[in-house]
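When the chains are written out, they are named A, B, C and D in that same order, and each has its own residue count from 1.
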Amino acid sequence: MILLLAYGAVLLSFASGLLALMMNQRQMLLDLCQYWYKKFPDRHKFGRSIFENALKERRYPHLLRQVVFVLLGLSGIFAALAGVSVMLGQEIITDQIGLGLPWLPWHVRFDSLSGFFYLIIGIAVTAVSLYGPGYVHAYDESQHPFAVLGLFTGLFVSGMLLVLLADDAFFFMIAWELMSVASYFLVAFQHENPANRRAAFLYLLMAEVGALAIILGFGVLASFADGFTFDALREAKLSTTWASIAFALALLGFGMKAGVVPIHVWLPEAHPVAPSHISALMSGVMLKVALYGLIRFCYDLIGAVQWQWGVVLLIVGTISALGGVLYAMMQTNLKRLLAYSSVENIGIIFMVLGLSMIFMANGHPQLAALGLLAALFHAFNHALFKNLLFLGAGIIQHQTHELNIDLMGGLIKRMPQTSKLFLVGCMSISSLPLFNGFVSEWLAFQTALQVDILDNGVLRSLIPVSAAALALTAALAAACFVNVFGMIFLGQARSRHSEKAHEVKEKGMLAGSALLAGLCFFIGIFPGVIIHLINSVAGQLLGQTLPNDTALGWLWLAPVSSEQASYSPPLVLIAALIAAGISFWYLRRNPATVMRRAEPWDCGFGGLTSRMQYSSSAFTMPLRRIFAGAWIIEEQIGKEMQGAMNQDVATIRYQLQIQDHSWSRLYQPIAQGVNKLAKQVGRIQTGNIRVYLGYSFVTLLFMLWVIS
Amino acid sequence: MIAAYLVLLIPSVGILVFVLTGHKTDTGKLNVRFNAICLLATTWLAINVLNQGTILSSGKAFLIDPFNVYLIVLTAFVGLTTSIFSAPYMAHEKELGKLTDKRLKLYYSMYQGFMLAMYLVLTTNNMGVMWVAMEGATLATVLLVSLYRTPESIEAAWKYFILCGVGIAQALFGTILLYYAAVQVGDVENSLLWSVLYENANKLNPEILEIAFVFMLIGYGTKIGLVPLHNWLPDAHSEGPTPMSAVLSGLLLNDALYAVVRNKMLVDGASHSNMAGLLMMGFGLLSFLVAAFFLHRQKDIKRLFSYSSIEHMGMMTFAFGIGSSLSTFAALLHMTVHSLTKSAIFVTVGHAAQVAGSQRIDNIRGLIKTQPRIGWGLLIGTIAIAGFPPFGVFTSEFLVLLATMHSYPWLTPLLLLGIGIAFAGLFRHIQPMVYGDKPESQMPVKANLWPVMIHLALVLWLGLAIPGFLANWFSQATILISGSTPL
Amino acid sequence: MNIGHQDFYTQAILSMAALVGLTSFLMLGQGRLLRLIFVFALQGFLLTLTTALTAYSLDNHHLYISAALTLALKVMFIPWMLRRQVLLMNMHRDIEALKNNTAVMMGGASLMVFSYYVLHPIVQTSSTIMLNALAVSLSVVLLGMLLMISHRQAVAHVVGFMSIENGLFFAAIVATNGMPMVVELGVAFDVLVAAVLFGIFFFHIRTSIDSLDVDRLNRLHEVDK
Amino acid sequence: MSWLIAILQTMLFATLAPLLAGWLKWCKCRLQNRKAPSLFQPYRDLIKLTNKQPVVAGHASWLFTIAPYIIFSATVLAATVVPLIAVDLPTSASADVIVMVGFFAFARFFLALAGLDIGTAFGGMGSSREMTISSLAEPAMLMAIFTLTMTASTTNLSVAISHVLNEGLVLRPSFVFALFALILVAVAETGRVPVDNPATHLELTMIHEAMILEYSGRHLALIEWASQLKLMLYGVLIANIFFPWGIAETFNLKTLGYGLLAIMGKLAVLAIFLAVSETLVAKMRLFRVQEYLGFAYLLGLLGMLSHIILETSR
């Protein structure tokens, strides 16, 4: 039954993709319809009228879009249901599908870990399918055919779901690459823009390299096992060295997809250029699938984790978290900023996962479970709020035709609904209490604080440092999102587009976002719901659950013991409401002190204009100066002088370009190296036939010499 | 067995008909019909093999075993679909005034001639005849390469002719040595028959066979396009008419590799050293890597894909060289999917070039906007050939990688490097061609893209599931070649 | 083993081998096309003699057919065709300046040694004499390639190509007393077609680049200039 | 009973906070040879402000008007967590020290947003600087807190304080480092000299004041009150963690009274220290703050390391 739900989710998303292909086939359907009714004129009168109505020229595309997204939404709901039920049942369901290699059918396994990620995907897809119809409505069919978008969205979602189901290396890779390729087409969807094409290319290239690394990782395991099924791989007995090689390959492969620094560069290029609801899925969900892969590979397949791997993950995660947030802060393109922020969050998840590994390898499975819990919980939360933010960004782009936050402003009054939803997202991602982001971060800190239990002094001093880095990351993220929200919604409009913007008419777009925002808040108040589910994952994966549902009762969250730490969001919420209520009531009781509105003080310069506001680059200037080494900064101030002695400044032009270090340090050298080598290799093809004959001659002589 | 004779007879009749009747408006369709009948005949042959197993003709002149039967069907199939593509394509070329009736007559008769040579290479049991047929294939196609009579095409044809001629002469020397070795042990009459040689392989003198194999490898390797013997290949593929490029890439290279593998089986039987395998691995890997780099510098779309053919042939050679059952299985599968995919790509490439009126990559832009089917066909074909699942090329590459990991783990990084670089090389050129806004001058052309769709659908099918009978053939061929079953 | 102890047939074969090798060297150093073609025809004639000799000594009838084919193709048809082309294109007065002629000749000589070295393992299975003859034929093949590498004229390339065929043919005769008939016929047919095609190509190349210098066939390359 | 005490304690917190501010100002004036205002001047200011009609910029959004309430409630919530006169209160179990930091972040988030809402240059400037400084202060603060929590192996403030109490007077080098780190952070976070100067409205130097420049009336009162509360909170944190003696461990009138007196005494002393340092030290340039906070972080790290190396024997 559960498996049926899981399959249903895959098939529904697949069907939605295929159905989208019918976009241009209206005429064919019409003909088919005619033919059918000519043949059976008196049957299905009722159905006929419905059908003909549906096939009317004006309604057909609209209707088809609706149906496609309904199917997608159903797929999401099915996935979420399947995920929850498998986690509640704590079952492991296996199956085989008769496809694949002759001696290796596709193996399927649906357990709690898969189920958890199924839930993440399910929620995200449901929200996106609510959101989608309104968003894609704006696309011009001849320029951006819906058939393409719908098809690859469906394939993308089903690819992600299949990755979670896969139980053999071959099937896993097929699903994995299906996911990559489908999302590549989505990135390249608006391909008339050269930047998008470049991003798509980079994305596919990195996906390919990552996939190769993963295949090799499986290959390492498989060479110690008989067969490619995960069951066989689990049995593989590896020496520590080989296991470490396999881990390194998996980290490279999955890390590339997840976008850890320094192999993250494709991510901020690719995610922003896709349509917003796809960016949401990519940033919010696809990265999680990479995380799933890593967890599956390390905890499940290799099994015996080494603490050194944990340290590697911890360091990589810390660098990613810090790097991600620092880069995010410097972006002015909203979606790019969000993409970098995904790098940051993935970094946090990796950090905590690293902690979990360290504890696991040091023989503290309970703390390992805590770490895993924090990592998975943060993954879940990130999926929620990053989806929400991307959807919000989509609404903003939809309404203002603009993504540069330095050209927005004042939208809080023109788009009140959106602004509230977006604020929830910003607060969650800044990990403020009462919202979900805080809970997982709190759990991460709690995990890090258990470090005293370890024997290794280096680890004991390393982990708190990384925890401090986590604190820095969180604070910077808060700064970053204050900037984002402030620039977009507060102040005065900085461009005509944002001045003329208004709230979206499509209710679905708001509903999709509202669903996510509501979940952000709900999970922030009742984190126990999710923790309970994750516990079953930890139980299956590590054989150890948290001693949760503590002595303090269900209102409290006390992961280790109530002595050590506890947090009760509902109580905090109640207290906050009381405090705010009292102050509100008390201060406004006097009718004489009703608020008065007036022009703000403009220092006597004659009116406040939007150009006097702080821009985002001004906002981040202090941090830019403090962490100057983190970026490649090109700042240019061009002054035009005038006046008698050429002393007065007539105009000032300020240009700021900020680049990623890994681009010039890692990618460009490789690209140049390949080009250089290709140039050298090109010299083989001289064009002279005598030289070619010479090659053949020399080869012959050489070979003869070799064998004799 | 009648089926086998029929397979050879039909193209011969085809040659005669085309030579005698000259070019008419419906010659293209007639060509399609000949190929269709041939496909039927091969299917019949395949069914025979399916029922009876290996067939050896009465005079032992022909041998149909699981290794070649699927190649025969594949040849007929690609021959058919390419002829479907070529009919409107050549008609369009004639409209443009590039070709005359006389040349079209040459084209169609040589098309059948080439098919005949291919069938002969595959069906014959005689290593000498195999050589003759292989040389015949060169001779049949060399005039087609220069069909347009441009300076470039003549140059390409000349290079093709000389390099392949000289190369294949080495193969004849190898064959003579093989014969020499065989004469030492057995009866003179049947000493060049592969079935006899294979039975007596362990009696043959290993030293002679090793030398013979070097000559064979160099000789047939020139036709496979192994680096550094490949130089003719991009020229010949890029300058001839596109249907020719499709069959050259899809069929001729396969058949040359087929010949090498047949010889390798003999050498492996005679000598216990893994010399033949190592040589093939070396050549294969070198070709694979060098071709991957070449991809980056291409300016001509057909050259681009001909280098990709070199790359894939390199991979197959490498896989056959490893010699384990898994890698052999992978190589057999790769032969199939590569042929299908590459010929499909060449079909779209041909149309794309017609759309843009040029083969230069820089001039082909915005195909998806100009003619979506061609654009998507090219893009998806490239995705498939670059080894993305769920297409079959992925399956075979995956298996090759795992097999390498099993047998020669330290070579896998090189292989991965090659795959990555090749992929980047392909896509950096493909993307600008299919994406973007369309240039003013580009106009849609009349194109029949069913072959492309069928090919890609087949490749997709092979990627998702290998049908039982094919898997069975592959396994039997694997047993034949490597001596053990795949897993 | 001393050559004096061999029977007449073997002595004859060895002499022929020496002469065939010599003709290859003569071709290698030859700059004038007409002389080159003449030497090539001479080589073909020697080949015919060898074949006939073998046929006679073994009383093998199908080798007579081979001999006749060789005579017709390699002594008459191809030289005639090439000569006609050369005269037609007015190239019989051109002398190709061969670079490093001495080095090429020395290289050719060492190739002969190399062939002997390569084929050494075969000694166990046959007489030294056979080996020598086989080594000579291999070196004829290699010298043919060297000829093509060192000469720029397309006509010389064809001669080189055909001389490789000669070497192969010689090897087939001396090592195995000819190939099976069907193969021989097939090879002969291929050679014939090839010769005809070469004729066509000369014409095309001539019209396209106004010369038969293969170094000028260099449009298709991938070197950054 | 304990809930009642917790609520009482929170109210006490809120009512005492202006007094501490007044005392601080008083000390400072005396030290600077100025005539000091009354100790209760802050109360008067607050009352005056609440009775005034607030004026809000014409295009301010709902966020601007709602922010003061949020800021105030978040700060009050933080106050519930910190044991003032008694330990073992239920409120400190509902949130630990990390949550407390979270409450501060919450308040700061809205304060910064409010600063950006009007669209004046000052507001943006203040928000930007505030967020910068706080993001640098946060790791230093957590480093210091980690030292404590690792010693007591809990993040629950109440439990941690009991732990210190039970242990008695132990000379821990890590505590010394952590104390200094926390003091440095507290100075930065509460916007005191040398990081910020609450008394100035000079546009180029102000941070906190720049953000609330547009506020008036009851809104301003709430924000002012919240910042006084925050100052006291940090004071209590330092006083009760490092010198917890005197805090009530059982709930009866006597111990609670002692606890109150003890904390008032400790805070008074701390305020004197602060006043002295504010008198002696000049305000720093903005771009030297990172060095200052870096030093705080270093102290915290040293504390942590000395805890690991010197204090645990493994």
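The rule is simple: a residue touches a chain if its C-beta (ideal position, glycine included) is under 8 Å from a C-beta of that chain, and two chains touch if they have at least 3 such contacts.
The structure displayed is predicted, hence computed values, not measured ones.
K.L.:
Based on C-beta pairs in contact, work out which chain pair has the most and send it over.
P.N.:
The chain pair sharing the largest number of C-beta contacts is A-D.
K.L.:
Could you give the separation in Å between the centres of chain B and chain C, each centre being the mean of its C-alpha atoms?
P.N.:
That gives a centre separation of 31 Å.
K.L.:
How big is the gap, in whole Å, between where the Cα atoms of chain A centre and where those of chain C centre?
P.N.:
The mean C-alpha positions of chain A and chain C differ by 69 Å.
K.L.:
Approximately how many whole Å separate the CA-defined centres of chain A and chain D?
P.N.:
Going by mean C-alpha positions, chain A sits 36 Å from chain D.
K.L.:
Would you kindly tell me how far, in whole Å, the mean C-alpha position of chain D lies from that of chain B?
P.N.:
78
K.L.:
Where does chain A touch two or more other chains at once, residue-wise?
P.N.:
If we look for residues of chain A contacting two or more partner chains, we find 679, 682, 684-685, 689, 693, 696, 700, 704, 708.
K.L.:
Can you tell me which residues of chain B touch two or more of the remaining chains?
P.N.:
158-159, 162, 166, 170, 211, 234, 294, 297
K.L.:
Please list each pair of chains that are touching.
P.N.:
A-B, A-C, A-D, B-C
K.L.:
Please output the residues of chain A touching chain D within their complex, sorted ascending.
P.N.:
409-410, 412-413, 423, 427, 430-434, 438, 442, 445-446, 449, 451-452, 455, 457, 460-461, 464-465, 467-469, 471-472, 474-476, 478-479, 482-483, 485-487, 489-492, 552, 556, 562-568, 571-572, 575-576, 579-580, 583-584, 587-588, 590, 592-602, 608, 610, 612-614, 618-623, 625-626
K.L.:
Can you check the complex and tell me which residues of chain A touch chain C?
P.N.:
Going by the criterion above, the answer is residues 679, 682-690, 693-694, 696-697, 700-701, 704-705, 708.
K.L.:
Please name which positions on chain A make contact with chain B in the complex.
P.N.:
98-104, 145, 170, 173-174, 177-178, 180-181, 188, 191-192, 194, 197, 200-201, 204-205, 208-209, 212-213, 215-216, 218-220, 222-223, 227-228, 674-675, 677-679, 681-682, 684-685, 689, 692-693, 695-696, 699-700, 703-704, 707-708
K.L.:
If we count contacts the way the header does, which residues on chain B are in touch with chain C in the complex?
P.N.:
So the residues of chain B touching chain C come out as 126, 128-129, 131-133, 135-136, 139, 142-143, 146, 149-152, 154-159, 161-162, 165-166, 169-170, 172-173, 176-177, 179-181, 183-184, 189, 191-192, 205, 207-208, 211, 234-235, 238-239, 294, 297.
K.L.:
Residues of chain C touching chain B in their complex?
P.N.:
Result: residues 118-119, 121-122, 124-126, 138, 141, 145, 148, 154, 157, 161, 164-165, 167-168, 171-172, 175-176, 179-180, 182-183, 186-187, 189-190, 193-194, 197-198, 200-201, 204-205, 208-209, 214, 217-220, 222 of chain C touch chain B.
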